[in-house]
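Got some structures for you, see below.
Each of the next two complexes has subunit A plus one other chain: subunit B in the first, subunit C in the second.
Then we have the complex of A and B:
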């Protein structure tokens, strides 16, 4: 009885909810990465930079609109658009010439891009910490299960996560472009043989994937301090989630994000100093038993 | 290449180069001695990566882990064990080789990109442990002022030590790559299926190559402790791994000395660009894109191509 009581204690429950709201961020970023990996076969290291740019743009937007609710909603619109434009330019200028090259070259190209983006961010926003205020609508706490205080903004994230997942599902399975993109992921030449301009499909998929990174950056901005170097952390986590879920599988990314987020939040309870080790250990355990990821990869 | 290495007409260039390297601490200021030491050991690091990358065709994305592990093992042996410091220089590379073996056994079942990504995840685990374990590894501060034996503690003697070890390692790596094992490795790179059919145990050869590469990366890490007397967690961070990959690509990873050249170019550029601007990574990124688009075989690959055309 005592053990069960401990497991379901409020502390654990609240950590689970913290983990789930973290999962939203992780899923948003890594589903975009998974999409790009699955369809375009690019291991996109610059994804983290776009997430960082999203967060910094959210900061600028919220300052420009006075830091209130309007600033938050505007940043939710403007930052992904900014990121989408940047990624579109990058795709047309560089990536479209390199789809046939080795993965290693693509990885290094995206790394070069991430270095360049990183320095641009440093030039524009400086090296100091920036903090984005939690919008007034989402300030305060909700009480879950009668008496468990939980930040309202994290609750908002819990709702946003499934919405993004549903939109992605609709986009991939119910629209023509999604179906073409999935077909192109399997056999690129066949799709172009039936008269579809694969190059543009790829551009659209790339932009959507990057837009998700930017959106993740906006969503995370009020909960962390926005700083240089946040790209390095998220890219690592997103990589791990994508490989744990199965390369290119968006639902794999969702499962991976769940495992990662929960391992992170519960690990802190078990062993505070090394809490951060648990998600990495979880990835390794998963990959030991399923080397190709939890779900089927599109490769 | 057989002719250009310690044989035939190329011999005179090697001797000239060696004399220049020996003279450096006598002629140039201390800073350049330090810089050259760093170039040598980083060159050794990127060459060790090239054993598996260029010759083995394995996507070793997280090579820096073995470099950092070697450096940390050496530093911790010296600081904590109380045994002879020289033992640290032996333990460092051995720890790297062991780590490489463990990670290799886990990763080798996968190939190409999967291998690389799994390796990044395992390497990050090592990094995080080092980064968080304040009481043992010093956390994000690292370990400063590692006392090395007196005989190699001055910058000049550290330089000569680095030079000698690097040259020995280069000769050993060269011999390994020219041995039957090296040929098999290249055969596996070019056609793994066919090599398997010929009765070669592909995985075992790749695993051995990984361990060798890890071992030499560990030596490079130990040398860093000698030259700089510090270790810090960034030595195992994945961005460093990608920088080493860039060195290999820039110099040319189908040439034996390409990675060394790439390391030299990048370190010299970094030193001099950093004096003008704080945006070094921007310069590196642009240089990198230039190489990917216009010099896919690297600088040395380009030069060799031109030389071949002339003759």
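Then we have the complex of A and C:
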């Protein structure tokens, strides 16, 4: 009884909540990456750069609208659209000609794009740190379970996460384009053989995937400093999550993000000095027992 | 065809002319080769160093340069990679014939270049690398440190914090050399001045960690009296934002090395947490002296922004190079180094001495607390306590002792 009490103590519960809010951002970014990987077979290294561009655009939008609540809501709309436009141009200009090439080629192209986007961001926004304020509605914190403080913005993230998951589920399972995309992921030739223009389906999927990266960038912006190099941090974690969840499986990305986010926040509780190790150890454990990922891979 | 031949001859002639001109021009200059990171996050700091340096040498050259020569500089972007940085330093010395090497924010590069400078007998001025190994353990005749290092920053903070009545301390930081070195030095010095201080726990996260909320809730649960936060780079802003969002800033006082610096506070505007302790070598608003005001005004006029700490390092490096040659009276490198040893020059923060024993610039450290000010739309440092070099720097004897032990 005492042990159960300890496991479900206030500390643990609040740590789980913090971990879940982190999961929202990880899931948003890695589900987009997984979608592109599954349907288009592109290991998109530039995904992190689009996340960074999303965050920087959120900064500009938020400043343009006075930095208050309006600025935040507007950035939530505008920044993903800007990222979507950039990714659409990239898809039409480069990727649509390269789908039949080897993965290595695509990897190189996305790597080149990530470098170009990085310099692009430095040219436009400069090298200094930027900061998007937490919108006034979500400033401050509440005392969770009468105990530890929990930032209001993280509550917002907790609500946004499931909403994104539901929208994504509807998109994939209830729309025609989603069904075609899923079919194309399994057998591309068959889909084009029945007379569907796969090229445009791919363009739409690519844009949706990248839009999620941009959205992740907007959501994370109020909690961190918007800076060059934030692309590298997220791309590592997103790749790990995608691999852990099963390549190309969006729900795998959700599972992976949950494991990663919770392992991190609970790990800190167990052994703060080596808190870094836990999410990565979780990845290793998962891959040891399920080398192809938690859920079925589309590869 | 004839036209083409003629054209190429003209081109050849012109290029020869150009090369001879630049060659004879090169003989009349003192060439400084700068290796530094100009891409990615570190460029936030390095661009200020370069601009401060450029501003100073423009002024020096306008007055006719030194020993009848103008000072000229070229930069190389090492991309935060020690192997590239070392190759570039070699290229600058062997091909570009640089007389002096300068730069780098990367401690590993600084140590590699320092080693090379020692072999080639080229003076090397370190402008932003923070490892204390550069002039303490691995110092030599040809390396100079123009900025504070982790040992200095940590000791200065420990000196100031040790006088405060806190007893239960907690350490948290970026899990790399910089973080551990700052934290260890702060903690050692707190213990020296406050024997009652105890360390109740530690938290370390990976470099570049974006979300500190899970770490902070855990620290809050432990309820220490005071928190030492050893973050660097973008982690500074990230931590302050998380500290504000979780209410840590109001509940537990904490110290972060460069918390009060402009590069950390300006991006956050008025949303930065108040009452955070920090240390820094420079503020554009402090000390409020004619020398600093003139420096700020000149920098603002040229670069359209306030100078930050890097600008002071770059500016003073140029000043020491110029005055060193003037005092030496010749371009001989050994005489130049002899002239620099123990030299003291006026700076925006008062008189600064380049110590003879370890070639470390003796800088005052400003210990203060973030606060709002009606004149600015960002937070600044308040309650500033000036800690002079003698109070916190390792003495020459200490440096010698460390060098003999570690060699």
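Rule of thumb we're sticking to: the second predicted complex is superposed on the first by the 287 of 299 C-alpha atoms of A that agree within 3 Å, B and C clash if a C-alpha of one lies under 4 Å from a C-alpha of the other, contacts with A are read in each partner's own complex, and residues count from 1 in each chain.
Quick note on the criterion: a residue touches a chain if its C-beta (ideal position, glycine included) is under 8 Å from a C-beta of that chain, and two chains touch if they have at least 3 such contacts.
What you are looking at is a predicted structure, and each value in this text was computed from that prediction instead of being measured.
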Partner chain in contact with A:112 - subunit B first, subunit C second, else both or neither: first
Contacts of A:122 with subunit B and subunit C, given as first, second, both or neither: both
Contacts of A:273 with subunit B and subunit C, given as first, second, both or neither: both
Subunit B versus subunit C as contact partner of A:283, first or second or both or neither: first
First, second, both or neither for A:194, with subunit B first and subunit C second: neither
Which superposed partner A:239 touches (first subunit B, second subunit C, both, neither): first
Partner chain in contact with A:148 - subunit B first, subunit C second, else both or neither: second
Subunit B and subunit C contact sites that coincide on subunit A, given as residue numbers: 118-119, 122, 232, 273-274, 276
Subunit A to subunit C touching residues, read off their complex: 11, 14-15, 18-19, 21-22, 25, 67, 118-119, 122, 127-131, 133-134, 139-141, 148-151, 153-154, 220, 222-225, 227-230, 232-234, 264-265, 268-269, 272-276
Complex contact set, residues of subunit B against subunit A: 59, 61, 106, 109-110, 112-114, 116-118, 120-122, 124-125, 128-129, 132-133, 237-239, 242, 245-246, 249, 278-279, 281-282, 284-286, 288-289, 292-293, 296
Sites on subunit A touched by subunit B in the complex: 43, 45, 94, 97-98, 103-105, 107-109, 111-116, 118-120, 122-123, 232, 236, 239-240, 242-243, 247, 273-274, 276-277, 280-281, 283-284, 287-288, 291-292
Subunit A-touching residues of subunit C, taken from the complex the two chains share: 39-41, 43-44, 47, 175, 201-206, 208-211, 213-215, 217-221, 234, 236-238, 241-242, 245-247, 251, 263-264, 266-269, 271
